[in-house]
Amino acid sequence: MRGNAISLPVILLNFKCYLEATGSRAVSLARHAQEAARKHGVSIIVAPQVADLRLVSQETEIPVFAQHIDAITAGSHTGHVLPESVLEAGASGVIINHSECRLQIGIIEDVISRAKDLKLRTAVCANTSRIAAAVASLEPDMIAVEPPELIGSGIAVSKAEPEILTDTVTRIRRINSEVIILCGAGITSGEDIKSALALGAQGVILASGVVKARDQAAAIDELASACR
Amino acid sequence: MRGNAISLPVILLNFKCYLEATGSRAVSLARHAQEAARKHGVSIIVAPQVADLRLVSQETEIPVFAQHIDAITAGSHTGHVLPESVLEAGASGVIINHSECRLQIGIIEDVISRAKDLKLRTAVCANTSRIAAAVASLEPDMIAVEPPELIGSGIAVSKAEPEILTDTVTRIRRINSEVIILCGAGITSGEDIKSALALGAQGVILASGVVKARDQAAAIDELASACR
Amino acid sequence: MRGNAISLPVILLNFKCYLEATGSRAVSLARHAQEAARKHGVSIIVAPQVADLRLVSQETEIPVFAQHIDAITAGSHTGHVLPESVLEAGASGVIINHSECRLQIGIIEDVISRAKDLKLRTAVCANTSRIAAAVASLEPDMIAVEPPELIGSGIAVSKAEPEILTDTVTRIRRINSEVIILCGAGITSGEDIKSALALGAQGVILASGVVKARDQAAAIDELASACR
Amino acid sequence: MRGNAISLPVILLNFKCYLEATGSRAVSLARHAQEAARKHGVSIIVAPQVADLRLVSQETEIPVFAQHIDAITAGSHTGHVLPESVLEAGASGVIINHSECRLQIGIIEDVISRAKDLKLRTAVCANTSRIAAAVASLEPDMIAVEPPELIGSGIAVSKAEPEILTDTVTRIRRINSEVIILCGAGITSGEDIKSALALGAQGVILASGVVKARDQAAAIDELASACR
């Protein structure tokens, strides 16, 4: 990516605040993701914690997203995440409004605007099909629908609630024909990805399915292989 | 510091989200601070943005604080700042409850508790003498009183409102005899530091006075020289 | 209203937290609004503070909206605004996501859902045309676009930035053909309302233009007369 | 109360957002509390929802507290709770920083200040003994310690964790000799109150123990009788 178009399908791997994906383990996981991406010719993006963005960017060549940025410009904002700081640390995009980091609707628009100014990609999360449609009007690069009750459950949204996904795709496409649609929550296997893609998603977002897997390398490899 | 006691007086230099202290410029500023600390035998701590913690820690030997951490343990907390992530990135302490990043009182206690578990130092900000006294009951390592109306003003609290500082010292000492007391807001010159120390502060916290100075190296050098 | 359709155009008069519209003065202002509504055959809704909802509902027959409700069901929610409490106090609707009370996007959906369950009308505020379009996907009864920089300015959005209003109408109508579109910010005169209606708005939301007027009765009378 | 000193011991009955204590049922419950207070010569304060403050104040003579106010002065604050609005609605005090409505530490100080200006009593909640001590420096009229894990549990803090209460009393008294100390969480019986008073509390705060009781009148009567 890093300036280029995102090839589809895409896997967005969110490291969250898991110790298994912090610091040196963030680099290790990013390397596994990079290998899987290359082996299977699949687009994988990793989203480490802000403290690890530069390290992962330096040690790998895989596209890196921040998990959050604040809708601020440079100045007196102690404790906030300046968009320029993640850009300089190597991020090429950002996750916005994750279920664990919900934002006011006006802030989502502001963050998208700041990100576009810096040519950072934007992936906005939505927990229902209606919110996904609402977000489509804000014109991010990607929308990820994730029913919160399935996050981390091991029960894939694409299997347990396929109608959420098809409904989301329908609602978004009425409003925005270009945005990339991801689905998330409970994705752990290649089958989960295949069913998601079959229902109209162009990729998936996941975390624990890989990060907490006994064998992270095998887990991401299986997912990537299912995308071909 | 990094495990040792903090020698006094101490200057806590907050990089905030200024571009003049982001990325490579964070390293440059931290080096100036390190030189001044060594030249004058004064304790200086720098607080870069989270994305820059590891870089500054690797490129310098000066003590590094995070500007904020969240009161979380490892897990599903997309977009948050895991205490372990800043520790592994090289931080030896953390600023808590800065005027630009206010926390609920229960969260302050939780953050202090998490920080202590990880042997991270804690510097809790307070914008009035009463709040400083309240914070003293939570037993952080340092309390920094900063009247918000003077932050970034160039008018030093130690000169403009000395009674705030003496009142703060009196109130804190009734409750907590060990906590290190810093004062902040409007500090720009060696004179400002001298007046702060004369009024009972054991150090200062500042940002724009150095970060936005035309000559950052000269600005921090002057401040450090005033501490002897 | 109170169960019936909202006749158009409509004036939504937000009492905010002005002393001139608190307690007994809330009743007085609501009476002026009621007189103007009757005299000119215009639909006016008043939105007093939560503490005054019952008093205004009892003392007048004008439709009453709450300024905010929380997305909660009955239970342990000290300090929150239970939707049922404003309903029982006489409210027939609610303002949601006002510029001074911004909500997370998921909460907006939840509040709309709770309100619909109780047959409370919903008027969701948006500060840009894009956010107005986003909100349209959440299917409230009304959307009020209010550029924050003009709120309380005395400079009417319908005159100063007519393109915001026409752009908002265009964007909303692509998505939602039924929602009532209000415009706000800086409305003080009948001329302001006429220009708003001419640009495609079906009503206005305002506060200080009436609440802070030297003669509240005359101010609301002029506005109502302009709606015919 | 209403201007007079609070007689001790005191029972602060929080109606929360329970339907059993909303609207007309708030009046009914307040009447039960008033009867129990008179019968047993005990001080009882009720805290209905904001929408019900005026109704309860008008229909009873029992002291009424708001469950929350915002740290604002009159003006453009849509959806907020203006201190003057609850005062005019009949409140004589306010609960601050309840476990379900946590505030930033600076806001707690501001709310106490606003309340004192209006001669509203202040009861600040704290979920640990350290936070209770911190709050003591802010000089409210009452501090209520409530371990969150016991709220609504039916297991009384005064029995399950007596050391929390004695520790709280000790810590508060080092700092503030005048503040009234309440304890809460899990209080349901007269025995719970007696043990709380024996451990140094001067009253209790409770909600579900009475509000959700099959017989509200009997429940509050038992509690009041135990205070003699």
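In this document, chain identifiers A, B, C and D correspond to the written order of the chains, with residue numbering beginning at 1 in each.
Rule of thumb we're sticking to: a contact is a pair of C-beta atoms (placed from the backbone, for glycine too) under 8 Å apart; a residue touches a chain by one contact, two chains touch by 3 or more.
This is a predicted model, so every value here is computed, not measured.
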Return the chains common to the contact lists of chain A and chain B.
none
Which chain maximises the distance between its CA centroid and that of chain C?
B
Could you state the distance in Å from the CA-based centre of chain A to that of chain D?
45
Centroid from C-alpha atoms only, then distance chain A to chain C, rounded to Å. What do you get?
37
Let me have the rounded angstrom distance from the C-alpha centre of chain C over to the C-alpha centre of chain D, please.
34
Where in chain D do residues touch at least two different other chains?
none
Edges wherever two chains touch, nodes for the chains themselves; is that graph a line, a ring, a star, complete, or other here?
ring
Going by the touch definition at the top, which pairs of chains touch each other?
A-B, A-C, B-D, C-D
Under the touch definition given earlier, write down the residues of chain A that touch chain B in their complex.
14, 16-19, 22-24, 47, 49-55, 67-68, 72, 74-82, 84-86, 88-89, 95, 98-101, 151-152, 207-208
Chain B contact footprint on chain D (complex, rising order):
97, 102-109, 126-128, 130-131, 133-139, 171, 174-175
